[in-house]
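Have a look at this one.
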Amino acid sequence: MRNFLGHSSRRLKAAIAFPLIGLALFLLSNRVDELRVYQGANVAVFVVAIISIILLTGYSGQISLGHGALMAVGAYAAVLSQIYWHLPVILTFFVAVLAAAGFGAILGSAAGRLTGPYLAGTTLALAVGLPSLANQFGFLGGEQGLNYDVGLPPAWLGADFTQYKWFFWISGLAALIITWLSFNLLGSHYGRNWRALRSNPTAAALMGIHVGRSKVLAFTVSSGLAGLAGALLAMTISLVTPSAFPTSLSFSIVTGAVLAGVTLLTGSIVGAVVLVAIPEITGALATHLGGSEKVTSNLPGLLTSVLLIVAVLLFPNGPQAIMKRTRKSSQ
Amino acid sequence: MERLFNTILIGVSGGSIYSLMALALVLVWRSTRVVNFAQAGQAILSTYIGYEVITHTDNYWLAFPIALVAGALTGALIDILMVRTLMKRAHSGPVAGIAPVIATLGLLGLIRAIVGMIWGGDLRQFKLPVSNHGFTFGHNTIPFAPINLLIVVTTVVVMLIFSVIFQRTNLGLSLRASAYQPEIARLAGIRVDLTRTIGWAFAGAAGAVAGMLVTPTNYLSPNSLDLLLVSGFVAAVIGGLESLVGAAVGGLILGISLALVLEYISSSLAFPVAFVVLIAVLLVKPSGLIGAKRTRHA
Amino acid sequence: MESNSTLLSIQNLSVNFGGLKALSHVSLDLHPGEVVGLIGPNGAGKTTLFNAVSGLVDVESGSLRVHDQDRPWPKPHDLVDLGISRTLQGVGLFPDLTVLENVMLGATKFVESGFIRASLGFDARDEARLRTRAMNALERVYAAGIAHRPVESLPYPTTKRVAIARALVSEPKILLLDEPAGGLGAQDIDWMNGLIRNLSENCAILLVEHHMDVVMSVCHRLYVLNFGEVIAHGSVHEVRQNPAVIAAYLGSGAVSA
Amino acid sequence: MSGLVISELNISHGAIRAVNDLSFTVKPGELAAVIGSNGAGKTTLLRTLSGLKSAHSGSVEWNGQSILRKKPEDLVRSGIVHVSDGKSVIPELTVKENLALGGIWRKDKKDVALATAEAIELFPRLGERMQQSADTLSGGERQMLAIGRALIARPKLLLLDEPSLGLAPLVIDQIFQAIKALRDRHNLTVVLVEQNAMGALRIADIGIIINLGKLVASGPAHELIDNPSLRAAYLGY
Amino acid sequence: QAFNVHTTDGVTPTTIKLGITIPLTGSAAPGYNKIPAAMIAYFNYVNDNGGVNGRKIQLVVKDDAYLPTLAVAKTNELILKDKVFAVIGALGTANHIAVSKSVNLGRRGVPDLFLNTGFSGFADAKKYPTTFSLFPSYIMEAKIMGQYLKDKFPGKKLGLIYQADDFGTDALAGFKQAGTNFAVKVSYASGSQSAQTAAGWVSKLKTAGAEVVVMFGVTTASGAALATSAALGYKAQWILGSVGGDATTLKAVGVPAVVLTGAIGASFLPAPTDTSDPYVAFFQGINTKYNGGAVFDNNVLVGMNTAMMTVQALRAAGSNPTQKGLVAALESKGSTFASAGLAPLNYAKGVHVGYNGYWFGSYNSSGELKPVGGDYSVYTTDSGAGAIVKSTYVRPALPANGLPTN
């Protein structure tokens, strides 16, 4: 039974846990090979992106199939602020958050009136339409994109400190901070309000919650996080280009959120790991199984899709639903 | 004047194709409340089957009904094998809205992979059932050909048939009742599972129609209908998702506004325009042109 | 119980749905300490009147005074700021949330910490205050013991109590109850009677209810709606003898209860 | 044996045993009132009778045939019609369409039209609201619609879950009288679940009182009404 | 930073492991997806004949779906997990910029050979020390085409259809260099091409009265443009860029032969249907025996040609090849490699651009690209302000049995 102090003790635990997780990640990054470190950086990026969906869909109940586009907004803002204002890297991340949040606020004000499939359709159109705009304006660098350079790791980290480890540190730290902030936010009355208006907007309004404003806020915050994820993603490939933000990216992060259980922050890591691991695993399996070229080239796609369908059919509420079920049945 | 006229004709022939895809999406939406992203995959699969028939018999009009039946069967199978379980397991809670999105996206990937395994990634093509040479008046060839006429007529026919089915028949009422409240529909004696399967079959057939009609003017590959799916979805949302007439009109609005912008503003703005048109419509009418009526809150 | 000040006063309220006159020229007053019943046949417009006061339908004409001040018809989220709380016909709780969370939501207007404080985790004191208020409200409906249960798992009568606790936690001066006894068994109805009487010590109550025993035993005055119009008002005794009310609503048998 | 025969029926919701070793019989043409406080298992019982929920053990026969493992849509076609509590309309459809659902599976379209007319006569308010979506109805109007739709199905066994919920006193009277009249006219068998114990028992032939899933008492309705020990504990007056 | 540029990753006494990332699935896959199989076919032929200095060549193929993020991830797998000796035949401008920057092939010392892209930026050997591109740049192509227009169609009204991204921007830059003036320019967003949008392009060209139209886009776009203009009764002299000019694919997307006949195309390779060309004839033989008789189009030709050049590069790196040695070998001997290309190979110290020229042909009624005037006259230039000159390059003869002996 949770006690009366449940709330603050939860936060206390978190305040201790997060630095520990950070330390563990740091130690881990020194032990695994470079490929894993690179993939770790990708996992961290996806953690941020998935949290942005968890906040939006799992809490405020809005669906977005266009978060890839918001990631693009963040990435372009970051790289432009680097090119034109020569901002230090850390500040470019803040610019990414602010720009995407601002964009999200405008979009959210329009989207706040939409529900379910209407919102899905609008955001999907955004995902298809927005990145291609980069080809319309020369300063956005076109298809070959703009180089986004977070620089080499500082010299004091030693000569063995690889670029990818540096990426991992940056994105890992960002993911850790975002997870912690979201943990607080979603545990606060904001999170509660969002969950309430998701299940019964009328009743929520009667509680004094400004439903429209609340939804726009969720969209804004979620967009800001997506913007950060976009900048981090651009960092891992050192480039901001429209094709880095395809429609499939939007789908991937929503998929990650579903695999994460949509409402659970800790699930975001599971979702992110799966997203990063799937292409490698299915690719390896395909080579292992062999077959004609037609077959091997489509096998990874087939396996990924089957996995996805099975996951949604068997565990529609994510991994923690299974844990809950097993816990219940063992009682 | 002629320029405007031609542009609108181009818009109509493009838009009618979006309408066809939108109709298929609305059919599934109305009969199961699922936005079916696998629709493009189903249409591709049926079209490949049609393609096989054409390459073996050289007869489009034989391939057409076969593709249609294949589409219907695929739709039915998908419902039986996947959607039923999905509806049982993910019908409520925060995932209810997105679980079907993920499942149908997964299905799209699955069908694409299967098609890729069987037919490979090469571009293919089959012969036009009717000419694509624009109608000619004197020296003037207008950008509207018998094939476009065929597509427009088919769109209207599909729309009318299904509108009648939905609004005027017991099957239509059963479809709608099963989609909204399966349990109550059961209590009214409706065989809900069967009814929903029929809905999926209808949509599968409509998707096959779209595939068989669009492909001759473009080409066939595992991905060749992806963009059409997005345009179709946008058209359906513009139209309001609840209405087949809305889907048809939404497709035309999208097609014509795209054509106008590409002609008069910039020919490379295709994607942003779709977004702007959509937002413009939804800002005025958040549930589309012919959307659901506003409901009471308490 | 009469008092010259009115807490809530509705004048000439009309609401239309398309061609349908759901309410026409309805006037109604609620004074401090009063329990006023709003009764009438199904579809008479009772819930619609609540909806008009809480901003859930568009008002055609009419004016609203709260605490002797003219007010525009509020938006739903402004209602608690006017010191008004309402329950919804049926239950209207948030099914995915726990009882405590549901009730804490009712106290939203007492929230102080903003976005940044909440993100950084500096809202513990705020949350603790909300929780205390919520627990107090739950105690008033004798439901403190189930604070951490998910709402879904509760028996129906308990959900009704939680709904009332959620309405109470904002410390309203005016409480609008829509069929609080609907679907309750005999024992729970008795209990609800007692609860409503208790509550009326702290706030005025406007009550919509079809259970005549509840209405007759807790209300001081009654308004009777039929086809959107007030066909009778006055003391319980007067109304229940009114032939128009008997014909339209009570029927000859029900009065006996 | 004909009629509704329930014997040693057990129904669970996960770990909760909602109906426990319940046995009773309703003869053809009888009106049975099932009385019990909140959570007694009344709704659960009706949902099992109409096929929406599966039983744990025991048997239920209707006119000599087991109905336990049948699907609701088939049971409806054999005349078992269920009006579930409070939510039995499809809000997105119009009143007219909701009523049409009642006879959607029936072949005898003439009788469907007649039955529809009868339902509208019973609830004139529905006639005034035909083109409106059910969503916009008031609570009580929805209840009328649900009952009206059930009657159009021309049930042989009618399962009613708290039909009086949210209805005005006058309408409750009317509905109870109508149920009785229908029973008399069409030799309908009725299982009427009610919180309004007195009202229900007054029109019923037999009464069944359950508590926490178990049978407490059963017998002719008037005997139950007059039984002082039951009065205090279960009938609430 | 301590990257060991002398590594012999991927080399064992009996094998050499190479890698490629390329779109095998997705909308960019059609066509390109044939390249790896063609490479493997040729490598297998070489392996069956003793390999390279006794080592068999393995090619690890990864699907990047034409997405930069995946290209980086897959290239990382190739280098860090599969530990390939070199990356060959990578494709896609944005993809490869991302790969070069993020994976940083240069700093790791991983040879990055025979890029399949016309982006001129990779020519910078300082920035990309291990990268060798193969194709002439789009700027070169447009420049040469501009010159061709000036020579052959003076005074005609010109039209241009181009893709609204860098591919098109490079083309515009090239035409500007060549001083070409178009009466009408139509751009399209990549991916938006279809019969419907093409109707819009055609109506614009028609209105402007363009007599000669340059189609500088991908194959599906040129297919749509050609088919639609035929349907709308619009006749013009079409000039197809090399990217969108593969006759086999054009036929597959529904361009009737009559429409293609007489159109002009540009290439630096012989036509894949020209069996009189010894390279083509030889590769077709390999295709039948080792590639399951796939349809022999430009992509297959490019794949096999790239493979043949790879074998020569590996041989040139000596019997104990290192990654550094491979790069050096290409710089010193790359320009002498036997290849099917009719334009010269320009590899030298600090020069990492392969072909730099084009010839023009016209499609005959069976869709073969035949040189205008009967023999291949190749024009070469650079991506800057350099002149356009007629090449005198004579390509090396096909090695005996197609097995390089350099």
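All chains are identified by letter, namely A, B, C, D and E, in their written order; residue positions are counted from 1 within each chain.
The definition used in the following text is that contacts are C-beta pairs under 8 Å (C-beta built on N, C-alpha and C of every residue); 3 or more make two chains touch, one makes a residue touch a chain.
None of the values given here were measured: they were computed from a predicted structure.
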{"item": "Any chain in contact with chain A as well as chain E", "value": "B"}
{"item": "Interface with the most contact pairs, given as the two chains involved", "value": "A-B"}
{"item": "Centroid spacing, where centroids are CA-atom means, of chain C and chain E in whole angstrom", "value": "75"}
{"item": "Geometric centre distance via CA averages, chain D-chain B, whole Å", "value": "43"}
{"item": "Chain A-chain B separation of Cα centroids, rounded to whole Å", "value": "31"}
{"item": "Residues within chain C bordering two or more other chains", "value": "47, 54, 56, 88-89, 92, 96"}
{"item": "Residues within chain A bordering two or more other chains", "value": "132, 135-136, 198, 202, 297-298, 301"}
{"item": "In chain D, residues with contacts to at least two other chains", "value": "136"}
{"item": "Contacting chain pairs - touch in the sense defined above", "value": "A-B, A-C, A-E, B-C, B-D, B-E, C-D"}
{"item": "Contact set on chain B toward chain D in their complex", "value": "170, 173-174, 176-177, 180-181, 183-192, 292-293, 295-296"}
{"item": "Of chain C, residues touching chain B in the complex", "value": "47, 50-51, 54, 56-57, 88-89, 92, 96, 178"}
{"item": "Contact set on chain D toward chain C in their complex", "value": "36-39, 85-86, 125, 136-141, 143-144, 162, 165-173, 195, 197, 235-237"}
{"item": "Touching residues on chain E, where the partner in the complex is chain B", "value": "24-27, 29-31, 33, 164, 186-189, 191-192, 194-197, 199-204, 207, 220, 223-224, 227, 230-234, 249, 252-254, 295"}
{"item": "Interface residues, chain B side, partner chain E - complex", "value": "3, 6-7, 10, 13-14, 17, 112-113, 116, 121-125, 132-134, 136, 141, 143, 145, 216-219, 221-223, 226-227, 255, 259, 262-263, 266-271"}
